[in-house]
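Just dropping this structure here.
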């Protein structure tokens, strides 16, 4: 079964090609089914591969499938080849799995859109890219997928490109990501120079023999790439805007899969990170923690249903980097998986709400929706409990893992993580209350909104609900893959061990877990007091609503001094450089015009010129060259 | 190999076509066009055949033909092709039929087509010449058809642009001509005078002499590339040229500069090229960043693409002077990639102009809604230009960067930021042109026509194929690049740095 | 005696030359020219060039100056030129520099290399102090070494004749370059 | 004693140089084309004088032969020159050299 | 007394060797006599007769060339003329120019109402002067040749009786020509004074004897200076070039082309003869001057051409610039003056002269046609729309202009390449680069004319202009010039060999 790993990306590719050729003819909804089928098939193959791997001995669980020589030049020899090992297959599993669910969901969500088939075209292309990313045997193939998902993200964010904001958001996402890509590329260059190869096997093997500074450089430049893709400080700004895309996109790309690519990359090169100077992991951990806290504070004050989730995603990704920085790769992957479950669930749930609310996204215009969309509400609540870290939901276990690791690294980081956990519980509770409880505020909405005719929020069709239910189930039991009770129950850690190294000891940290659970409950309680029982005024300062003005500052800089600098270059080009060129032309003509006045037409002047020439020549010959 | 003079034919067929077209009666313009198309297609077929017949295990010049031309000066009609020039020939052979089939001059087809074919002959000749004199002849002669194409069929500022182009390039060539002659005489010693590239490459010049000579050559090529700050002719020429002219100018003609730097600069004067590399690397990096920034602020779509060429060509120069097999192979490859994608971009912009009679970005809006297929093709080409992996633009750029990193680390790190800026200016332009709700003027924008699609399809095909499977190209380019580096090694104490090999 | 002749002839020459360039009336200038030409003729005699002296008087002073006067009379261009006016500010200064420069540099050259002038081995054709008459020596040189040059003078004269014929054709009634 | 001094060739050459210089100045300052022509004749006479003087010093008849040719040339030049002047003065009576400056720049 | 005379033994005369001169002279005399006797003026006859004389001269020269190759170079008529390949090259060049000029004059004279044999006779006589200048072995003979050429030019310039410009140009040329001739002659006198002879061979012998001692003799150096002035005037080197634009513009257009070709060839022939063959001892002294003149000439010529609006004037300044290029060749030749191997300087200059002569005659032949009746429509705007109305004529002009700009595959490039390689061979890199940069400036001017022909939009009133006529023989002249330009551009080897033969002495 391992030899057919290539089928995993090939199936979405086939879907892409088929839809490209026949998409219009297939139309709505057949194109969607085709895409889903392809993604589902990929999932099936992945499962097969997974079990195949599982059946092997631990040390044989790494398998390289070489397709063809891609970029062979001199000592650089890059193959297009896939690496099937526990890490990549794990990623594949939830990428294809969740991907299939979201494909399915999107058939319902995108129904009636004039560009229905194109949406699935992009979606399949995304699945292809994402699979290349995780399956890549070397950094270049990963980079191929890396940029591919970036491109798809661009295409999908600006899917409704008639909206100016969507177009801008797509561009912003791409360009910001490119900053990270630059880091990734430089990291590759360092790796190539130090090891002569780009394959992970080679690089990781050489990690301990290369200079520490090189390892640090590779790690940090990779981390820069990860920051871009995984929306960490300071490059997170594109993700909130990316919510302009259709909600399935947000769920798939901007919650479950693509944004976790950075974490995946860091885990992939974990030996290099291990070989790097100690400040490198610390930096990663600090950035992760800071991002987690920072995004959580912003999420507290958002009113757009998807923006809350977006900031939440950033915050959760911060957790994962905190884990990476603390050396707890398994914890990072664990959280990535559980996060994929519940965040995809939450996004799809919000999508169902938006769908049912006729594309209304402002939570202040919602409320009491649990009555009209019960299934959505129920699944959303499951997601909420999971993300808030309420045991025994999935989020609790993975988050707890991370906090434990952070505590190991530094109590300060742990404290930050804990505060973030509190805030997470708080803002998620706030969201649930605002959307599903309280008064129904959508009736007043429709006057101002000028909505078309009667406005009745409604439950979504079954095709959208099935994924919700499945994901809710996963969000409940997802934690089961890595329970910290004994080393037997830490299945994921064992599974990943050949890739990310030995797992951390977790004994004697029950107290910390209890603290985390209590903190989550405190957050929930506080939110209930404020938003459900109105016992206190909501704390939604403007500075948080505006995301600490970070985005605004960046934008003001880009539109202001940045743009002026660019304009200055253009001005310089047109005026100074081109001016110099034209100036030479003008100079020649000007000089000629001046000399021209000497050509008076008067024969005596001409004779005088000859006379002067004579005297000069005589002077040269007689005085200079003569026997003076 | 073969005594069939295919390279001579590559030059003579379009030249004969030009004469035939010029002599053809004007009464039936469609026949004229057919004749022109046939001769360019035939040339293209020859170039394809050349690539097929090319022996990729042979790093030396192939299909060599050598005939004495001007005996008293020791000048021969000496043609040959190696991996460095092979794909440039193919590019020329392919782009011309596309341009001839795909673009229509607004007046006097016959003359336009004749000039086009003459241009093709000149370009082909430049790429196959192995004699300095012969190369110079072709290098210079291409100016004439290009001048007339721009001045005769261009837009409002065409005469200014064409004149600027002509004089600018000629100034560069002025230095090169002196350099060519001086090279031949200084290398002459006791032997007979010769302008043969291969003979001259054996000569050893005194250090300072070699540097001066290199400078003389390099100025000409730097103008052609163009390297900052000698680039200002380019935006004007590209913008004012008719679509076909822009395609050829950007697609093929700029490559004369980079090709010349490799073939004549580095090959003849390795020491000087090594000695001055910091200068070139710096200028290349400046070009990459500067071109991108200038492109960002352009209001004219064609001008934007033109400035993007400055940036892209900067990568090639970086690759050439970083002098590793990866970077040089990447540079050679980028020649082709840039030719294909920028050529396609110019075609697309030309199609926009044909429909809307404006190139101003501000006049265009929301085209994706009314012409999704057009927008889709534009998107693919644009992504290739941005350097998205999986498309051709990436391979060349990446190879340049990774190779350059070995010898010019910090230049490369800065140059790599060019990929960010490339995304910025192209996507911004795309957004302004294709995104949004189309206004009244753009609501009736016609979708891609069949003929246009037929013209673009091969280019898009090349873009995707090369991006996914560049090996056939790399296999043919690399041996010649390696040989060039070996030549440099022989002449100087340069040793190509290799990455630290990983223990098996 | 020789000195006296030289000084007198020299004064004639210079006076005449200055007259040519300073007399505002063309007829006066022409007559000054005659003075110079006579002076030169005197010096020719002094330098053993009797034949040339004769030709100088007959052809130059006689024919050529008469031709000048003829043209002056014929065309009635005997209007005096106002030499006080000089439309070009620098012209006279430049003229002075050029004149002074030429005189100074050539005189300096002549004086500084006075020992080298005329010391080369004599050509075979003939000597100026040949016991034979000056005319005979000259003639022999003319028809042997310089025979081609002599023939060329005939071409020159043909050109002069053809040229005058061509130029003397009457101008047409309607010049094409004058707008009606 | 001055009277006893014999004028050497150099004296002649200096005299000729002065004459030549005066002729040069004349061409530069006079506006009447006829007088300019006369000044050219002055220059030619200066040259002739030089020829004759050095011929004497060289004791070579060739210099005198040359003077003979120069005289022919001068005659031909004058004839043609006067022809042109006549032609032009018929069109533009009393034109000076300064008036003939339509062609310029 | 007379009986006592020894028998005068004139120099032996090789009549066949003189036949080029004799053919030209004979043709001139026949024209004058027949022209005077024939009352009716048959069309074409004078022109074609002149053409025939020119062709005959060329054919004779080819035979003589072979004779020289077989029998070696010699001198003629008592050492007055040099009989070598150099002479033949110059003669052929002059004869070829004569043929083309005569062809383009035919219709011009009829159009302007100036028919008559005199102009052709003057062409032929002037050609004699030119040939003499290029083959002289004696300063006096050279001077006479120069005067023959110059006086013919004075007359021809002034010969368009209907145009006051023509007469103005005639008198300007005459006064300045006489003025500079006087300097030239003075220079001869000085050289004669020191060397004791005007014959080149004797001058060289004489200097060989005296030079070590009198290396810095001021008098002889002053003579060299003045000789350069005279020659510089003839070749129109800056600052002795001022007459050129005015005379070229004012003279009848075919005469201009004659001056630009034959005049320049003869003057440069004379310059090479004097500087390289007669005064090799002073090459170190005059080489910097030639260098300076060359640089000034190319730069000023090109620069001034750029701002002109009259095509004849443009071409006049461009001819100044081209003279500068030939001077580059002369400068290269000066490096080798007096050495057994004269190098590539002289051949390159000769080649340049020949190729440029054809170009300039061709270009002015086009101008002749475009100038229309009255010979006054020579403004840039007169060329407007020529590409539409007369595409072949415009194409021909384009080729000729591109050649003058030095674009490859035209003769102009070969010419430029020749002088550059000669300069580079002598390590005169600076002058080569300056020359090339100046040629870029000059290219702008050729582009302007091309733009006017092909691109400038027609204006109202263009239709009312007199239509440009392309008479047969003028057309033939242009076609020949264009054909030659391209032929040499593609296949120059034989001409280069021929030019190189000019310096092989044996």
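Letters A, B, C, D and E mark the chains as written, and numbering starts fresh at 1 in each.
Definition applied: a contact is a pair of C-beta atoms (placed from the backbone, for glycine too) under 8 Å apart; a residue touches a chain by one contact, two chains touch by 3 or more.
Remember, it's a predicted structure, so these values are computed and weren't measured experimentally.
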Shared interface partners, meaning chains that touch subunit B and subunit C: A, E
Farthest chain (mean CA position) relative to subunit B: C
Chain nearest the overall Cα centroid: B
Highest C-beta pair count, chain pair: C-D
Reference subunit A; chain at largest CA-centroid distance: C
Centroid distance [mean C-alpha coordinates] between subunit C and subunit A, Å: 99
Subunit B-subunit E separation of Cα centroids, rounded to whole Å: 43
Intercentroid distance (Cα basis), subunit D paired with subunit C, Å: 4
Between subunit C and subunit E, centroid-to-centroid distance (C-alpha), Å: 29
Shared-contact residues (touching 2 or more other chains) in subunit B: none
For subunit A, residues contacting two or more additional chains: 596, 599-605, 607-608, 611-612, 614, 618, 622, 626-628
Multi-chain contact residues (two or more partners), subunit E: 140, 144, 147, 151, 154-155, 158, 161, 164-165, 171-172, 175, 179, 183, 186, 190, 193, 196-197, 217-218, 221-222, 245-246
Contact pairs between chains, per stated definition: A-B, A-C, A-D, A-E, B-E, C-D, C-E, D-E
Residue ranges of subunit E in contact with subunit B within the complex: 402, 407-409, 413, 416-417, 420-421, 424-425, 429, 432-433, 436-437, 439-440, 443-444, 447, 451, 454-455, 492-493, 496-497, 500
Subunit E-facing residues of subunit B, complex: 69-73, 133, 136-138, 140-141, 143-144, 147-148, 151-152, 158-159, 162-163, 166-167, 170-171, 174-175, 177-178, 181-182, 184-185, 212
Subunit D to subunit E touching residues, read off their complex: 13, 20, 23-24, 27, 33, 36-37, 40, 43-44, 46-47, 50-51, 54, 57-58, 60, 62-63, 65-66, 69-70, 73, 76-77, 80-81, 83-85, 87-88, 91-92, 97, 100-105
Footprint of subunit E on subunit A - complex, ascending: 588-589, 591-593, 595-596, 599, 601, 603, 605-607, 609-610, 612-614, 617-618, 620-622, 625-628
Footprint of subunit D on subunit C - complex, ascending: 2-4, 6, 10, 13-14, 17-18, 20-21, 26, 29-30, 33, 36-37, 40, 43-44, 47-49, 51-52, 55-56, 59-60, 63-64, 67-68, 71-72, 74-77, 79, 81, 83, 86-87, 91-92, 94-96, 98-100, 102-103, 106-107, 110-111, 114, 117-118, 120, 122-123, 125-130, 134, 137-138, 141-142, 145-146, 149-150, 153, 156-157, 159-160, 163-164, 167-168, 171, 175
